[in-house]
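Down below are the structures I want you to see.
One chain, chain A, links the two complexes that follow: it is found with chain B in the first and with chain C in the second.
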Partner chain A sequence: MAPIQLRRKSTKWGLLPIMAIVAVVMLYPFWYIVDNAFRSQGQFDRQAGHSLSGWRQLFASLPVGGQLLNSTVVCVAAIAIILIVSTTAGFAFAKLRYRGSGMIFLLVVSALMVPLQSILFPEFVNLANVHLTSSYAGAVLVYAALGTPFATFLMATYYRGISDELIEAAVMDGLGYERTFLQIAIPLSLPAIATITVLQFIQIWDDLLVGLFFLPTSQRTITAGLATLSTGRTTSVPALMAGSLISAIPAIVVYLIFQRHLVKGLTLGMGK
Partner chain B sequence: MARIELDAVTKQFPDGTTAVRSLDLAVGDGELLVLVGPSGCGKTTALRMIAGLEEVSSGTISIDGETVNDVEPRHRDIAMVFQSYALYPHLSVYDNMAFSLKYRGGVAKAEIKRRVADAARILELEPYLQRKPRQLSGGQRQRVAMGRAIVRQPRAFLMDEPLSNLDAKLRVQMRAEIAQLQRSLGTTTIYVTHDQTEAMTLGTRVAVISAGQAQQIAAPQELYRRPANLFVAGFIGSPPMNLIDARLERSGVAPGGAGGRLGGDGPLVVFGQHRLPVSPEVMRGHPALEQYLGADIVLGLRPEHLNDAALVPAGSSWPVLELPIRLREELGSEVHIHAAIGSAAHVGDGGADDLRSLATIVAKMDPRTKIAEGETAVIAVDAGEIQFFDRATGASIRR
Partner chain C sequence: MSLTETEAGSVVRPAERRRGRNRPATRSRLARRRRRAGVLLSLPALALVVGLIGVPVGQAVYYSMTQWNGLTTTWIGPSTYTALVKDPVFWRVVENNALLLLAVPVAIGIPLVIAALLNEHVLGWRFFRSVYFMPTAISWVVIGMFALQFFSATGVLNGLLAHLGFGSSATDMLAGEHSALAALAITFIWSMVGTNTIIFLTGMATLDPTLVEAARVDGLSRIKIFFRVTLPLLTRFIQFSFVITVISAFSALFSLIFVMTSGGPGYGTTTLEFFIYQSGFQQVQLGTAALYGVVLFVIMAIAGLVQLRLIKPDDGGGW
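Coming up: the complex of A and B.
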């Protein structure tokens, strides 16, 4: 026993410096944002002194509150659609027996391999044809379409891990499949739902391309708004850093709220 | 309570596998019928069809005379206890037990509370009502699963190997508790198990299933003493019945040699170098045996009907076999003696011939026996208890 314990201990201590280096590499950009958000352009150039000049410039140039609201609306609506579709479809793929289920699942999963860039223009044309490019709806639908395949895959995998007998017990207890889904499957799949929520929130909140393409100026998200700060030679780095900091905070908060479930959800299907 | 009937019920899966073939069953009001058989024999599929969790390919299932083939599980008013217990992990013991009553509706909150409290008292679950299933032991979880079924006061219970996840000691205890509970509630119960001891101890009647068909449906003692065929004979009993390929011959030659000590003119069962005389009483008890004179049969000997000749009371007329002893197993209250019979062992249709050379018969003896491994022992046979089977059909030869 002792040699194994010793080996475990030495592995632990050996990993520590590596983890520390990784942590520094990951955290340095965040520190860079925080440090430079509180400077004027001159202080940034000299890398000396701090002020709120960058923040004043940010709020003067961008409707930050409105754009944060836009991001929230788009995120919440898209995630709601993704969750509704992925939980119901995942349950059907995992627990209901019907002809062609395997083939449909394969089709859904194959959509995971389609990159956003390749469908951007066709999607824009499609949505423009139905006049959905001048409101939140266009972006929400695109985000939902992009997020649903992965979410459905994750939910189906999660539901497969729930014993069939549990579902059958609920059916025998008097619930139909619909209420079994709502009363049993949904409460049991909260870790997977949390995982999808966090991952999709971060992805949608941070996305630039769809926000720029599918949303009108008045409904731009914070990420798309920040991109407009950078206008050739007149980029104000402190204002950009301040905006980046504001835009990062909601994603961090969502992550911190759900992180316990996220870890649980990401290890789904890895064993008993 | 309910009467459940299966009439020529067949289940064929889309891949062509037939799990249940034309199964006929009738479970009386308040009866506990056990379906027993080896893994994959179709017993669980039959239970699931009664529950409504599997569609019936052909035949009819009726509850109290009403055909329920197309009735949804929730409308059959049947409760099921699953092998894995299938407790809702996010709900407390109380909520698990009250779940069905709550969601079915029509039962007042106070009544739900009363029923759960009653069931918890019967099952000694009162201290655990607020716990989650993960905080319970296996036996307690099993009780909660039972409680969940009881509070519904359904027409019938279906139990799918509910004890198979428990350790041996707890299984014996829970088995007794289930039997007592079923008797006190008087609810019609169909219980599925692969464990023949469980089947024999629990069932009012036992249906032995093999290859999707009922081989015999009878009371436990009837199954044990008069198995309908070779499958039942080999499946029921522990250790199982010894089955030996033999030939029934008219006596013309006085028995002797390596075989029996007894003389007489009655028929003889001959296998290998051994001969066992069949007494006139046995022939009278099995009139159909006359037709098998000169034919191949399978001889069935229960282990407890083989004894150390030295321990057989003086004056008894048990014929004897002289057999080499391969193994002696001490079980405390009894001793199992494994004696080689070589090529005469019945290995069934799927058995390979090379298995025969390894074959032994098992005798369950009094621990005072001095029979030891490696010696050739004289084993007495209680000839009145010999069973005979048709070699071709496997059916018991009785009347």
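Coming up: the complex of A and C.
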């Protein structure tokens, strides 16, 4: 027994360099972006010296503050809608089943398969016709609709894990379905709600397609703003790196704090 | 606060409940209220999804058989589909999607090995897991920004090659049709490492450790255990990550292509999803865009149906 233990220990230490190399490959882009954000184009070409020149150019060519605010507004509004419709619908599909609710559940969840690209122009023309593409509203609705299928699936799965007895007892105690939902189901499902929030925040914050198409130029998100900056090709590399850095920071911070929830959402239904 | 409410709600009062159950009038009234609450609560989600996804899908199918510039529509009919199959541009674009599929086994294989390494739980494995998963948090736009610098003629890759003594092999990968697609595929593989590693780690956590132990007692080497014991038990997880990876390759690379190559050079990196954008946005042929949209949707639907079979909706135990 002892020699086997010894051998296992040694191979484990042997893995460390490999893991470190993989870590370098995964982290290098982050380092590159940070390093080159603090240069001028000249310093970038020589790969020597640092300055704030890139940042100055970024702020001159992109309304960074405004676009960060736009991203925040769109994220908060879309997530609020997603949470409202997915908790209510998830609860109904799991605990208040009615004739045909199974079919409706499948219908909602199957929308997961539709890539936005497939319906891009019909969607745009529809929203433009009702004048929703001149404000945040159109983009918020599109994000909400795209996030709802998975969020509803997640909430329904979660609520199925809560015992029927508990819900019934609450209803029998005179709480009624509305208050049972608000006062019992919602507090119990906070972990699932957190997962949806984190997952959707990162998805919406990082999205380009909706931000590019459904928002007026003045209300562009930071990710869309950054992408259009790059297609201009007139901007210096350090300015693009600075833009990349500032647009990535909020998502990375959220990731570092709520990692666990993100992992949960990604692998839900995959457990034993 | 919420906890005490929950506890209060869970206090079962058997006498009251039995009385409630035994009175038919109360029961049917409750059943009616229950049904009404169910319909009411599921309505907003249904309306949102039908209005903003279901209806546009129907419209896309209709417009795919028309010439449409956003204002005027000319009906052509299902012949648009037969014309599509004869269009060499369509096949050029599909070829790019097919070539991207070649990246899928790599985008699964590398994370599989990484997950196996992490699963050995060496010193600091939690830290490494966080690091490997980190790219999942950043946008394709930012990844594309870096990739653009990495693959450019004066970029990181060529600098590295020159440093290693391969200076003569310096190339501008983004300038050639196939090499640009390869650059795109490499970037894609890098981006999928986090997601797929987490899927496999989750899978490995569900494995029965006694099986591995038994194989070890039988004298199998680490490598053999991985291929003969671990891998077969992970089949469902590998299928799942395969579907996720294919879906991403076909419908998540828009931003990467937009930033890195704009679909070029030529049709070099124009995939189905990017062609939809180009034909609609740049050429204002919205009918063509819808046509390609329907083709993409059908492919995604097939992948999605496979995925729905792999996840178990009745499983609440994952929490």
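Convention: the second predicted complex is superposed on the first by the 229 of 272 C-alpha atoms of A that agree within 3 Å, B and C clash if a C-alpha of one lies under 4 Å from a C-alpha of the other, contacts with A are read in each partner's own complex, and residues count from 1 in each chain.
Assume contacts are C-beta pairs under 8 Å (C-beta built on N, C-alpha and C of every residue); 3 or more make two chains touch, one makes a residue touch a chain.
Everything numeric in this text was worked out from a predicted model, so none of it was measured.
**Q** Go through the superposed model and pick first if A:160 touches only chain B, second if only chain C, both, or neither.
**A** second
**Q** Kindly classify A:262 by the partners it touches after superposition: chain B alone (first), chain C alone (second), both, or neither?
**A** So A:262 only meets chain C here.
**Q** Quick one: classify A:227 as touching chain B (first), chain C (second), both or neither.
**A** Second partner only.
**Q** Just checking: does A:134 make contact with chain B only, chain C only, both, or neither of them? Give me first, second, both or neither.
**A** Touch partners of A:134: none, neither chain B nor chain C.
**Q** Once the structures are superposed on A, label A:171 by its partner contacts, choosing first (chain B), second (chain C), both or neither.
**A** both
**Q** Of the two partners chain B and chain C, indicate the one touching more residues belonging to chain A.
**A** C
**Q** For A:192, decide between first (touching chain B), second (touching chain C), both and neither.
**A** Once the two structures are laid over each other on A, A:192 reaches chain C alone.
**Q** Who does A:183 touch here: chain B (first), chain C (second), both, or neither?
**A** In the superposed model, A:183 contacts both chain B and chain C.
**Q** Once the structures are superposed on A, label A:142 by its partner contacts, choosing first (chain B), second (chain C), both or neither.
**A** In the superposition, A:142 contacts chain C only.
**Q** Do chain B and chain C land on any of the same chain A residues, and which?
**A** Dual-contact residues (chain A): 165-166, 168-173, 175-176, 183-184, 187-188.
**Q** Which residues of chain A touch chain C once you look at their complex with the stated criterion?
**A** 4, 11-13, 15-16, 18-19, 22-23, 25-27, 29-30, 32-33, 36, 81, 84-86, 88-89, 91-93, 96-99, 101, 104-105, 107-115, 117-123, 125-126, 141-142, 144-146, 148-149, 152-153, 156-162, 165-166, 168-173, 175-178, 180-181, 183-184, 187-188, 190-192, 202, 205-209, 223, 226-227, 230-231, 237, 240-241, 243-244, 247-248, 251-252, 254-256, 259, 262-264, 266-272
**Q** What part of chain C is in contact with chain A in the complex they form?
**A** Where chain C meets chain A, its residues are 2-3, 5-6, 9-13, 16-17, 20, 30, 33-35, 37-42, 44-46, 48-57, 59-60, 63, 68, 70, 114, 117-118, 120-125, 128, 130-146, 148-150, 156, 190, 193-195, 198-199, 202-203, 206, 216, 222, 236-237, 240, 250-251, 254-255, 258-259, 262, 272-273, 276-277, 280, 286, 289-290, 293-294, 296-297, 300-301, 303-305, 308, 311-319.
**Q** Could you list, by residue number, the parts of chain A that touch chain B in their complex?
**A** 163, 165-166, 168-176, 179, 183-184, 187-188
**Q** Sort out for me which residues of chain B touch chain A in the complex.
**A** Result: residues 51, 53, 72-74, 78-80, 82-84, 86-90, 99-100, 103-104, 148, 152 of chain B touch chain A.
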